[in-house]
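Next come two complexes built around subunit A: one with subunit B, the other with subunit C.
Then we have the complex of A and B:
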């Protein structure tokens, strides 16, 4: 890439008038196009300004900001959301810091200079999200939201400094990120029921990584590597039984937090499922291949809304009598079934992009298939599909608006609550919709910019 | 894998460690497990439905629907459910095909504008793409349905805006918040005969095309096949129209006496317009990206080579760049079409009577939910799988034949 950049001659610097002539009025067609577009643009800008500044009834939004963000969440429990914001900020900071630390370690090992990402670049990528948050804070007009957002940014900044930790503590950084993320979830949802399970899984997986099994005697090694995860799971279970703090179950979540968490939960559940499906589809065993292919093609052939309907109307009948799941849980199941098929196709693309020599090299070294997959194939294949996975997450985030159709009050559905108020029964429909659209856009646009950057940085599509 | 070095010391491992046996056994276990889970779900379903006293057969399809479909006067509450399903399928495809036309035209234009040398055009096209790509289609649909039509600035039907052609009394566009009227065609009796003539003309133009291609291949003289076949088709269309004495005419939209209905022309309801407009814009942003990407994916050397051969800008695009870009663009564009048709299921949000909306209404009217959903999913599935198969065939045809 740099080679072509060097070879290409620098474009000649144009004077403003020359630039106008070259880029807007180069020939008759271009001039006509420019003039037409300028007229349309001026008209659209004029109408938008009139709408935003003069005609818009924006109090439908400024009075209902809390409703848009947290929906019908119990108002005396909002402190949980503040605590969650702080924990997620810290988790995010530590995650980014650890990732950047890993990149530094690698650059150092390879003897390359590490260029830290510039703050300006980050601002440029996330400007839409930052602007949206700032507008929200300004509209809110009270100190609470400022404190929460400021606090989250501050702890995130502190967490980011985890890149200074020695390389041996990177695993710990990732572990902390995962645990803080789960804790942030549970500070709202409470610690009852099966809440201990994800934490136990993370700790069980971590115990295999953290305990130095290699230094132990052989018989002891197997005992420890099997026993440690079990002990970790047992301890977590015990602790959670003691805490058992009730929280706000996700049936009471609504507004923007439901949109965000729904998408996050579905992608987290769909990723491993999709990975398994992709491996099955690439398997040399015909039975597995056909089962996976059938599943993927069936799911991809129907719209998500029909699966959500299936979750609402059919899923209850398909389980033993008496098992009752809430509407949101069923929609999460439907969303996971749907997204897993798409994730599987993305991962399959990554697997197919690997030259077969990688697999053969592993076999030549006498590695088993699981070891080849885990140590050679998947790390390369998954890195190649990161941008596509972000794209899938964006589309899932946009699809979460379908929850509105099955009656959940997510970000779009909150509008119904706003327009049920006496003041806004027939007015301000356009205003609330514009606000909702801008909210979705600000988040999705930031993510898509980030995915474009990842694509460039990982060199996907280049040989 | 049997080599000469295999000696008697290399006996086969016991069957529980023999990979060949394990592979077969593993597959059987997988199939049985999946089968068992499906069987368990199915028996649960049947048990629960029986316990709840809900019928488990598809007999409901022949029972009366018991509700009417808005804007569909030919359908009444006594028509059986399967006819309602057909109405839904028809409306789904109507919205899908109109949406596809809007999305294709707009997407092509915007995609080409993004590569334009004109700075303003390229920037505005980018803004369009980045805006519509990043908001949920449902929000766009609801915006059109609610902020434009239901609560928007448009007048109610009895006070509809009637846009007239300058210097004539014919309305060419009728705008209201409920229905829009556009000019339609009206038959004056000879339409089947005219269609027959058109079919004959089409066959002859195809034959002309083949003949000109052959002439070009054997003698090398220019084929001008577009000129020949299009000319023949137009000649047939024009002559047929004259010979049959005008088999159809244009019918301008107009309101009924009591101003409650659009009686002539072609009437579209607000749900249809919100759905097709929104999906057209949303999908156009995706198609524009595909168009831009596939034009850029054509190697630069191709453009340079055609410049070196002194081809004009039009010839360069027509004969060198676009044919190669098309090969890259067709599969993802067809995928977008498929997505658009699947997204018409969001017509539910604007009360447009397509398959999903009608299925939901019929479930709400007491039809068995499970069978209704199965029928609906089977229809979507049949459609998607057909298109996928067609896509595979097209892909194979479009693949470069490398020597």
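Then we have the complex of A and C:
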């Protein structure tokens, strides 16, 4: 039960020859099996090497790298993507730094030693992504991509040093991360229309944390706690009226950019929606419960591809006349509706796995249901379902390739553009497929590894 | 027996000012009647030990007092507030009533100190600093301040149960309910928990304790309630139960546990 579990003595180390003899050639059966497998393995490696190094016509990739990454994105606007890469790099760096800082604060408080994450560890964490990016850069052969990636890594590294800031700055760190992330999005999409809304929401939420409401007198406290978010939202709205500038809307995004952003947006929208659905399905109000159950069961019985089509052709009937949404917006809606139903079922599983005593302990302390949910039930339930949830998100990420059916040119769809070129009409089909597969894999594999890591880290103290 | 035991032989008579009152309380689980016509008065600073075979309704009784179970008939009044369906009423009563569970029910994702400060911060809106000070004071009381930054999973059962007691005390309750607090513990850890409970009792806390620890009952209980089949069968001082139990069911039960 305690942390001081005894460690089993390490087995004696074998010499390489001894290892071979013991593990591969212990008896005739295992020797035959080993030899057979080694031969097959060597053959596969040989054929792969021949394909990659000798026969592969990789010009299909290297000449179309920009196409694979940004697709039909207007070429004179590509500087926006470079700016985005830098902002996201900084956002990521500050985010990771703030998270590390929080871990350090906690360790300090508990009187434990804290070691900041090492560079080697970070490289290992994201090795599949890093390897993929390096392959891209090598194939590109021009200075531009190197500068952008190098710049993003550099600002990320600088931002990461925010872990050295004092604990009182953590909220600010998270706020900055969120704002930089949104800025990175909007430097491409522009600041017109509803662009102010997400920024206003972030700042409104932050105003509750940053204004020291607790120190105020009671009547003033209520005024401020209601007023501060409104003022923050209002100020943001005002600023956005001034800085409104057109950008490149997501209807013109394609290639890897579209694949990544589409998946990210759907995940960000589907998670809270699914959470609400799961809670509604377990509600004591029958109307809410039946509504949620019906929705979940309906959606789960329909393939995503059908929903995407329905989003294109039927969403218009259900909305007031005159509302026009672009096809990407409608596909985001369809993807969100689809994923939310699965997230709801996953979360419900987590809620059910929690012993009823946890809820009762909260109730017995006089806590209200919202506080019990937020502080006791959900943190544990969500932790329990991280693997299933990330699995769902990974499959959504891969399903983004279905966007081709609504005419969007996502990462896989770029292949069609490449093979429409005279040089590659009949050749290099295998090469482009392998490239796209490796691209998907590099990202999906990183997601899966990060989920394992998150699960371990949140499992602190549980034995 | 002495006149003292006859005074306390009635469950509806409390010493001093009444803080908990149950009048004709019935509770059903489906067709099964878990509580039959319970009448009970508990006085301020009184310590009541409830004993009885399993399935006799002991736990159900104290779980009705803080509304973890809803009683079906009768009236329960805690500190002048009658339990009704009004959520605010229920929360009011739960704030005044601490509960310690057989399985501890600590929050495994929070450190010990966060377990203790959670309710004061969420319910009483204490600022973090004050809540932390309060929590350390409570952890001193149960004698494990040095474990404040560990997680529950790193503690022994006895330590966990003491954290659970500290967590309840941090809400400064007027009444403490204990639902078999030592039944899930290894024998060598029972004493450390009972010691804390004895200290609480001698400090003047009103307590209802479901337990089979007759040593605890003898040390601090004002009255012992024997329950069987959802009814209060016999009430008396601990001495009464040791020396002169009246009912056959009581005698049988005591012969099995003593």
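Heads up, the rule we're going with is that the second predicted complex is superposed on the first by the 433 of 463 C-alpha atoms of A that agree within 3 Å, B and C clash if a C-alpha of one lies under 4 Å from a C-alpha of the other, contacts with A are read in each partner's own complex, and residues count from 1 in each chain.
By definition in this document, a contact is a pair of C-beta atoms (placed from the backbone, for glycine too) under 8 Å apart; a residue touches a chain by one contact, two chains touch by 3 or more.
Since we're looking at a predicted model, the values are computed, not measured.
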{"item": "Which superposed partner A:309 touches (first subunit B, second subunit C, both, neither)", "value": "first"}
{"item": "Which superposed partner A:246 touches (first subunit B, second subunit C, both, neither)", "value": "neither"}
{"item": "Which superposed partner A:301 touches (first subunit B, second subunit C, both, neither)", "value": "first"}
{"item": "When both partners are placed on the shared chain, which of subunit B and subunit C touches more of subunit A", "value": "B"}
{"item": "Touching partner for A:426 - first (subunit B), second (subunit C), both, neither", "value": "first"}
{"item": "Contacts of A:363 with subunit B and subunit C, given as first, second, both or neither", "value": "second"}
{"item": "Partner chain(s) touched by A:37 [first = subunit B, second = subunit C, both, neither]", "value": "first"}
{"item": "Subunit C-facing residues of subunit A, complex", "value": "1-3, 109-111, 214, 355, 357-358, 360-368, 371, 375-376, 379-380, 383, 458, 460-463"}
{"item": "Residue ranges of subunit B in contact with subunit A within the complex", "value": "23, 26-28, 30-31, 34, 41-42, 44-45, 47-49, 51-52, 116-121, 124, 130-131, 133-140, 142-143, 146-147, 150-152, 342-343, 345-346, 348-349, 356, 359-360, 363, 369-370, 373, 376-377, 380-381, 383-385, 388"}
{"item": "Subunit C residues within the subunit A interface of the complex", "value": "66, 68, 87, 91-92, 94-95, 97-99, 101, 103, 105-109, 111, 118-119, 122-123, 125, 127, 149-154, 156-157, 167-168, 171"}
{"item": "Subunit B contact footprint on subunit A (complex, rising order)", "value": "23-24, 26, 30, 33-34, 37-38, 41, 285-288, 291, 297-298, 300-303, 305-306, 309-310, 313-314, 316-321, 394, 398-402, 404-405, 412, 426-427, 429-430, 433-434, 436-437, 440-441, 444-445, 448"}
